[in-house]
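Labels A, B, C and D are assigned to the chains in the order they are written; within every chain, residues are numbered from 1.
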Amino acid sequence: MAEEIHEECGVFGIFAPQTQEVARTSYYGLFALQHRGQESAGIVVNRDGVFSSYKDAGLVNDVFTTEILNKLGEGEMAIGHVRYSTTGASGRENAQPIVVNHLKGNMALAHNGNLINAYELRSELENEGSIFHTTSDTEVISYIITKERVKSRSIEDAVVSAMDKLKGAYSLVVMSPTKLIAARDPQGFRPLCYGTREDGAIIVASESCALNAVGAKLVREIQPGEIIVITKEGIKSDTSHCGGKRSLCVFEFFYTARPDSEIDGCFVHDARKRAGAFLAEKYKIDADIVIGVPDSGLDAALGYSQASGIPYGIGFLKNKYIGRTFIAPDQKMREDRVKIKLNVIASAVKGKRVILVDDSIVRGTTSRPIMKQLRDAGAKEIHFLSSAPKFLNPCYYGTDIASRDNLIACRYSEEEIAKIIGADSVGYLDLEHARYLTGGDGTGFCTACFDGVYPTDIPVEVNKSRFERPRSENPKFQK
Amino acid sequence: MAEEIHEECGVFGIFAPQTQEVARTSYYGLFALQHRGQESAGIVVNRDGVFSSYKDAGLVNDVFTTEILNKLGEGEMAIGHVRYSTTGASGRENAQPIVVNHLKGNMALAHNGNLINAYELRSELENEGSIFHTTSDTEVISYIITKERVKSRSIEDAVVSAMDKLKGAYSLVVMSPTKLIAARDPQGFRPLCYGTREDGAIIVASESCALNAVGAKLVREIQPGEIIVITKEGIKSDTSHCGGKRSLCVFEFFYTARPDSEIDGCFVHDARKRAGAFLAEKYKIDADIVIGVPDSGLDAALGYSQASGIPYGIGFLKNKYIGRTFIAPDQKMREDRVKIKLNVIASAVKGKRVILVDDSIVRGTTSRPIMKQLRDAGAKEIHFLSSAPKFLNPCYYGTDIASRDNLIACRYSEEEIAKIIGADSVGYLDLEHARYLTGGDGTGFCTACFDGVYPTDIPVEVNKSRFERPRSENPKFQK
Amino acid sequence: MAEEIHEECGVFGIFAPQTQEVARTSYYGLFALQHRGQESAGIVVNRDGVFSSYKDAGLVNDVFTTEILNKLGEGEMAIGHVRYSTTGASGRENAQPIVVNHLKGNMALAHNGNLINAYELRSELENEGSIFHTTSDTEVISYIITKERVKSRSIEDAVVSAMDKLKGAYSLVVMSPTKLIAARDPQGFRPLCYGTREDGAIIVASESCALNAVGAKLVREIQPGEIIVITKEGIKSDTSHCGGKRSLCVFEFFYTARPDSEIDGCFVHDARKRAGAFLAEKYKIDADIVIGVPDSGLDAALGYSQASGIPYGIGFLKNKYIGRTFIAPDQKMREDRVKIKLNVIASAVKGKRVILVDDSIVRGTTSRPIMKQLRDAGAKEIHFLSSAPKFLNPCYYGTDIASRDNLIACRYSEEEIAKIIGADSVGYLDLEHARYLTGGDGTGFCTACFDGVYPTDIPVEVNKSRFERPRSENPKFQK
Amino acid sequence: MAEEIHEECGVFGIFAPQTQEVARTSYYGLFALQHRGQESAGIVVNRDGVFSSYKDAGLVNDVFTTEILNKLGEGEMAIGHVRYSTTGASGRENAQPIVVNHLKGNMALAHNGNLINAYELRSELENEGSIFHTTSDTEVISYIITKERVKSRSIEDAVVSAMDKLKGAYSLVVMSPTKLIAARDPQGFRPLCYGTREDGAIIVASESCALNAVGAKLVREIQPGEIIVITKEGIKSDTSHCGGKRSLCVFEFFYTARPDSEIDGCFVHDARKRAGAFLAEKYKIDADIVIGVPDSGLDAALGYSQASGIPYGIGFLKNKYIGRTFIAPDQKMREDRVKIKLNVIASAVKGKRVILVDDSIVRGTTSRPIMKQLRDAGAKEIHFLSSAPKFLNPCYYGTDIASRDNLIACRYSEEEIAKIIGADSVGYLDLEHARYLTGGDGTGFCTACFDGVYPTDIPVEVNKSRFERPRSENPKFQK
C-alpha cells in the first residue's frame, strides 16, 4: 500500500527555557515524523527573535547535514515540518515552514492538513494584489494570518481571527519572535499534541512518537479548535473555536500514524491489534498460520492470531538496504520487484494454510506478486485479509489516494479480487468495526473515505489548470 | 579589485517566432553575462503561456545541467537572470527571476539595479498585509506591478503605472503569457539593449556581448525611461517616462561591463584604451615596459603603451584552473595567495622600469603582493596607474563597494599609497577624463562614486536590522 | 549487536547461455547479499572475453547507478562482491573483485573468508619482487593463482594447484574469459552454493537468498574442497581437495546469514526458532510476553513463545529512515541514540513481565538503553536471553569481533551482566545446543568463538604495523 | 589546439627539514602543474615513514578538499602527480603516484614520460607470474625498481639498476620511508628541476613554475641521466647514467610548458617571443595589427609585433567561467561553440588587416570559426601564422597527438589550408628556427614530431587489443 496512499505532513515545535540546540532537537523530532511526509523537510530556529531557516526537498537525513544544523545554531525556539504534497506542485519551493518578514514581526508557520476553501481564499487575495510564490495551502494561511495581524494586537489574536476564515483540516504550529502557538481545526481532523521535558522545554508535535524521540512526555492532545500559546510566562489556552463535532481521521490508526504513537488516548498498536481481532471475529478461517505483511500488517496479524488461537508466524523479511538510489527492476523483471524488497521465509509457510494480513488492497498490483511468492514457497492456501475497510471515496482533508478508477474495491467483488490477486479468499474489516478501533463509543471519527459521509462541505472543483505545471514534476523544479 | 567591488546583475530575454530551445539560448546568454553576477542564476521558460522555472545559488554552469535544461524544455519565450546581491541576504531564496501566479495571468520578472525607495514601498505594502519571502528589491517591484495589474487593462499598462512609483536604478525584463517587456529607469543607470537574430527571434540583454553569444545582432539601446513590448505582432515602444536626465553609470566602462560589449554606442575595450591614453597624457613616466594586471587592466595598459610609445609587455599569467572548490592558502601563506592565482613572467620584467596598469586600488591588499612579486622577479622601478579615478563615495544604484573606511583613497595621499603597496609612484585617472571615456561630450553619466554628485535623492537610512540575518550567510540558507 | 560484530563478505557469479544484462542481475544478487558486507561493492562483466569492471566504497545502492550499470553493459558472465574488511585497511582500494590482466588471459576474482597463512604467502611473494597494491588476502590469492597459471594448462588447473598452498577459510568465485569457477576451502568454513534459472543461466552465491533474488532455484551447496567449473559445455566438478573435516561456521546461523537463506540443508529461520526453543527448555520463566529485538532476535523470540506457550508480542518498531547520512546524537544525548533507531511500543509491554530475546550481548552498551526504554514504558520484569552462547574467543576465519577485553561475557557472570544492563535475569544458549541448531547430528561445525577449539592452526602473530595506516581510516583513503 | 594535443604529466616532490603541511604544499605545487595533466591527481604524504595517499580522476581542485588534505595531514615528505593518459585506459585506477607496500620498505612513485620498451618489460614480468592492476608504464617501472630492490642494498641502488632496463622518456620522483629521489632519463626528454626554500625544504618539480608557487627558488635542472637522492644528510647526485645525447622535447617550449617556467636556462615566454620574431623575419606581411589567440598565441604575437613594428592588439576575450560542467552547444550550434568560449573584440579588428598568431593548426576545426568571427567583426584581411612548425610525425615520448590522418599539415599545402580555414594566407615557423628557440646552438632537442628524426628506437607495434577496453572510457571506470 505504501506506493498507493500518501500520508501528508508532520509538524514539530519546541519552546525551550534557555538557549539550546533546538535545531538538533527538531531534527530528531522530524526524523520520528518522517513516515508522515518524505518529500521535503525544513526547520526554522528562533534566537533572540532572529529567525534562521533551512528547507529543501528530500528526507530529513538528506536535507540536514551537521554543517547545516550547526549553521542554524542554537536558539530558544524552533519549528519544523516534513511534507508530502497534497495540493500544488511538488518540491523545494513548496517546502515548509514558511517564513514571513513583516513590520509587525517575523512569523514562521508549519501546517498539516488540507483547507477546503483554499481556492476561494486565494482568489480573493489575488484580487487585492497579493502575489503567491507557492501553490500550497500554507501560503494562503500565512496571508490570512498576516492580514489579520496588521489589524490585531497580538499574533495569537491574529490566529484566532484567521480561524474564522479557514475551513477544513489544519494542525498548525506558528512561531513569532517571542511565542510558540499551536492550533487545531475545530473538527480535529489531524492529530496534534504537546508534552514537556525535564529541562522545562515544551514540545508540540503531530504524534507522540516525536515527543518520545526527544525525551519529552506526552501531556495531552491539543483539543479540536483549541489554540495554545507558549511564552516565557507559560502556556495559555484559547478555546473560542472549540465545541464543534469531532472528526478525527480514522485512517490515522490504520495507516498514517506510527504504532508507538498515542492519539486521543489510544495507542495505534492497540488499535491495529483490535482490527485483527475484529477480523478474527468476522472471518473464522481454518488455517495453520497467520502472517502479516511488514510493516503495517504485523500488528493486525498478531491481533488475529491471539483472538483466533491460530499460530502467529514471521513470513517475510524486508530488505532494509532499499534506499532512495535503489535501481528498481524494469518491466522485464516486474514480477521480481516485490521479491527484492520483500522476501518470503519459505520454511515458515511451506505446506501451510496461510492467513495473510495487510493494511489494505488499493490496486492489487502489490498484492499479486506477494501471493505468487507465497505459492512458490509452498503455501497451500492463502486467505488475504485487509485490516482496513474498503477504500471507496476521495479524501479532501489531506490523505492522497489514487483516483476512484484505480481503487480495486470500487470495481470488483471480494471473490473477483481474490481471483485477480491469486488468493483463495479475500476479506475486509467491517466499516462498523472501524469506528470502534480505539475502544471508544464509536463516535468522533471521519470515515468519509470508507462511507462517503463528509463532515464538511466538499470543495468546489478547483481550476486545476492554473496550478498544473506538466514539466515541473522534478522535485527540484519550482512553480 | 575583483575581490573588492561587486557587479550586481545581468538580465536576458528571448521572444522567438516559434517554439524552440529558448532555455538553452538563455543559458548561453546568461553565460555571457556571468561577469555581472556569480551568486545565483535562473531561467523561466514560457510555452503556450505555461511557465517552467529553475533557479539556484551558483554559477550558470553549476545551476544548469543538461537534464535541467531539458526539463525546462522548449518554448516561445524565456527570461533569465544572474545575480550578485546588493541588498538583503544572499542565496537561493533571493535568486531571480521571480514568478508570480495570479488570476490576471502569470508574470515572471528579472531586474538589474537598485531602488532608492524600496524600504518605503515595502513598508507600505506590509502595512496592507502583504507578505514577503525575500529581501530583494525585485519582490517589491513584483508587488507594485501586480497591484497595478489588478487595476489595469494590460500588463504593459501595469508596468507604465508601476514606473510612477519606482525610484532609482532598474533595468527590467518582464514576461507575461503572451508578451516580453523590457523597461529601463528614466535616468538609464544600468545598460539594457536589444537585438534580432536571423530566425526572427528578438533578444533583450544587459550587454551586447550576450546578443553575440546567441547569434543576434545589436539593434539599439533601450532608451532611459523607455518600455518596449514584444508580441507576435512585433515591437511597440512606450516613451511616456523618457526625457529625464541621462545618468549612465560610468563605472560600467571601467569595470562592470565586458570589453567586447557596446554600450550606448561605445565599445568598452575602446573606452578602456582611451583611459590608458589619458593616463599617458597625465603621467609621462620614463620606463621600459607597460604591463596590465589581467584581465581588466590589459586594455588600458595597451592604450598607455600606444599613446606613450613605451613597449607593451605580457607581465602576468593567470592560472585558469582556479575554480569554486579551490582551497585558498591560509593566513600563514597569505602573501602566496595572489601568487598562486597570478604569476609574474619574470623574464618580461627583469631589470626593467615597469609601468603597471590596474583598474583600481580599493584597499591595497591585493596590490601589495603584486608589487612584491614584480620586485622578486627583478623589476627595477614600478609605477602603478589606476585606470579609474579615486573611488570616494558609496553607490546607491547597484554597485557594491566596501565601506568608506576601507577605501584606501579616502585616507591616504598618492605618495602614501605608493609606500603602502610598495610602488615607486601611484597615479589615478583624472575625474574630468572619466567623463570623456566614451569619446562623447562629457555629459550623461553618473560619476557619484568619484565626485559625490548624486543624480537622485539619497535613500533614507534603512532599518538594516530587520534584514540582517547574521547566521544566514551561506548561500543555501534562506531568510 | 549490529554495531559490535561484523560479517565479512558476499560473493556472486553468473554464467548466462547468451549475452544479457548480467551487470543488472549481479546488482540484485549483491543487493540480496548486502547484509554480508556494507563497506564496498564491485561487479566485473565479461563480454566476449573483454572485462569491464566497477567497484567503490559504499553500499550496492550507492556504488551502482543506472548509468554505471549501463556502462558495464551486457555480457555472458559477471562476478560481484560485497565486503566488510577483516584484514588490512578499509576502503576503495581494497574493494573486490580483483581483476588481473595477464598474457595467459584476464582473470577476475572475488573472495569470502580469511586465510591463516596470508602473511607467510605474502612475504614469500614480496621476496621474489612482487608488488602489492592492497592489504587484502584476495590479492595474495590472485598472485598464487597467477603464479600457478603461468605453469598450468588451464585456469582450473591453476586453481587446483593454488588450493594446495592456501590455508584457512575461502569461498572463491573466479572468472576467466571463458569460464566461471567456484571453489570452497576443504573445511567449508563459509557457505557457497549454486542454482539455475529457467533461461539456463547458472548462478553462484554465498547464500541462497541471492539466488531467489534473481529468479534462480538452489541446486546444492558447493562441497567443502570442491571446485566447480562452468563453461559453455556445462558444469564440471573437481573434488580432489574434498574429504576433509567439515567446519561450517555456526555463527552464520545465529547472525551472519539471512533468515530466508538455506545453508547446507537448513533454513536459517528454522535454526533461529530452534535456538529459541532450546532457550525455553533451559530457562523456564514465568512471564507474560516474549518479544524479540529486531531484526535478528525475532525468530528466536517466536521459537521461545511457541515452545513455552507464553504469548509472542511486537515490542519494538525500528525507524526505517535511518540512512548513511543520519546524524547520530552526540554524547549529551547518548542514551537517546538507541531510542531514535529503536522505539518501544509501550502498550505492548506496560505492566508486563517481559522475556526479551536478542542475538547476543557483546559489550552491553546497546542492551542497557533498551532495558531502560522497556522500564520507562512500564515493563515490570525483564528477562534477557541471548540466542547465541557466550562469545569468548577470537575468530580467525572471517568474523570480525571486538577484542576479548571488550567481550562482556569474558569478564562477568550472568548475574553481574544482568545488573550492568539493568535486566532481572540474563541467560545464554548452551554451547551443546548450538551444535544442534540445524537439526543434525551435532557435528560439522566450527564453534571456536564459543569453545576455543580451532579446526586449524592459529595464524602466527601478524606484524601489524606494516599494514597499519592510522590516518587512512576514511573509506575513500587508499592503502 | 587545446583540444587536439594533450600534454601528459607533471611530477612534484618535497623534502622538508621538519614535520609540516607537505600535503597542502603539494596541492599548490600540483595546481601550478595542472596544465600538464587534467585527468587525475594524487598526493602521497610520508610521516615518520608511514605513507598516506589519496588520488582520483579529476582536476587538483576537484580531487582534493580541505577535509582530504587534513586527513593526509602533515609529514616530512610528499610526492604528487597530475596526469593525462598517454598509454592504457584513463581514469581513477591509473592515477598516480603508485604506492608499493613491501618487506624492504614502502615506496611511492610518480612518473612523467613514456617508455618505448614498456610492452617487452611487462610481458617478461607477466611470464614470471607478476600481476598488473593498471595499464600504465608507471606500474612497469614500479615492478622493475622493486625487483631490483630485493637484490639491492638501498633504494637508490635499485633505481640505478632499474635505469639500465628502462628505455625512453621518464622523469621520476620516488619516495622511500627516509629518502626522496628524483631521476631523469639519459636523454632528458622531459624537464625536471629542483629548488630550495628558505625554511630548508627541497622541492622537485617538472617545471620551475611549481617551485615559485610554493615559495621556492630554482637551483638547477636535474641533468639527463642524473639521479639525486635527498635525505636528512643532504643531496647526493649519481651521474652514472649521464653523458648521453641530450634530446629535450622542443614542443615543451611551444605548447606544453607554462610561459613563466624556466627550462634548461630559458624562459618559455622568451622562447615563444623568439618564435614570433622568427616568423616576422620569414613572413613580412603588410598589416595593421598583430593579435594572438589566447592563451598560448599571445607571447609569439607580441614577439612578431616587436620585431616587425606592426602594432600589437588585444583581439580576443576568453570566457573565464567555462568549467567542467559547461554544456557545450550541440551540432546545430556548432559554429557558436568557439564563439562562446572565445569572443572577438570587434572594435580592435574592424576594418583592419590582421596578423593572427596561434600555437599551431592541428585539424583546422578550431581555426575556421575563429576566422569567421574575425570576418564578422569586420577584419579586412587575416594572415594566420603558426608559432610551431608543421606537426607531421607521431611522438613516442609522451605527447599525445591526433593520428597522422587528422593532421591537416600532412595532407594540404599552406594555400589549401588557408582556403579551408578561411584565412588570406597561412604560415608556419621554419623547422630550422625551432632549434634556436631557446637562444642556444641549435642542438640538444628532440624535434621528431616535426622532422621524423627519432633519437631512440621506435617501439614495436603494441598488441593494443590487450589493453583496449571499449566500454571503460568513463574516467571512473577501471581497467
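Assorted remarks:
In the analysis below, contacts are C-beta pairs under 8 Å (C-beta built on N, C-alpha and C of every residue); 3 or more make two chains touch, one makes a residue touch a chain.
Every value quoted in this text rests on a predicted model; they were computed, and no experiment measured them.
Fewest steps needed to get from chain A to chain D, stepping only to touching chains, is 2. The chain with its Cα centroid farthest from the Cα centroid of chain D is A. Between chain B and chain C the centroid-to-centroid distance comes to 60 Å (mean Cα coordinates, whole Å). Centre-to-centre spacing of chain A and chain C amounts to 37 Å, using the average Cα coordinate of each chain.
Centre-to-centre, using mean CA coordinates, chain C is 48 Å away from chain D. For chain D, residues touching at least two other chains: there are none.
Contact topology of the protein chains: cyclic, one closed ring where each chain has exactly two touching partners. Here, these are the chain pairs in contact: A-B, A-C, B-D, C-D. Within the complex formed with chain B, the chain D residues making contact are 24, 27-28, 31-32, 34-35, 38, 59-62, 64-66, 69, 209, 212-215, 258-260, 262, 267, 269-270, 295, 298-299, 302, 306, 311-314, 317, 319-323, 325-327, 329, 333, 336, 339-340, 343-348.
By the touch criterion given at the top, residues 47, 50-55, 68, 71-73, 98-104, 123, 126-133, 135, 142-143, 146-147, 149-150, 466-472, 474, 476-479 of chain B touch chain A in their complex.
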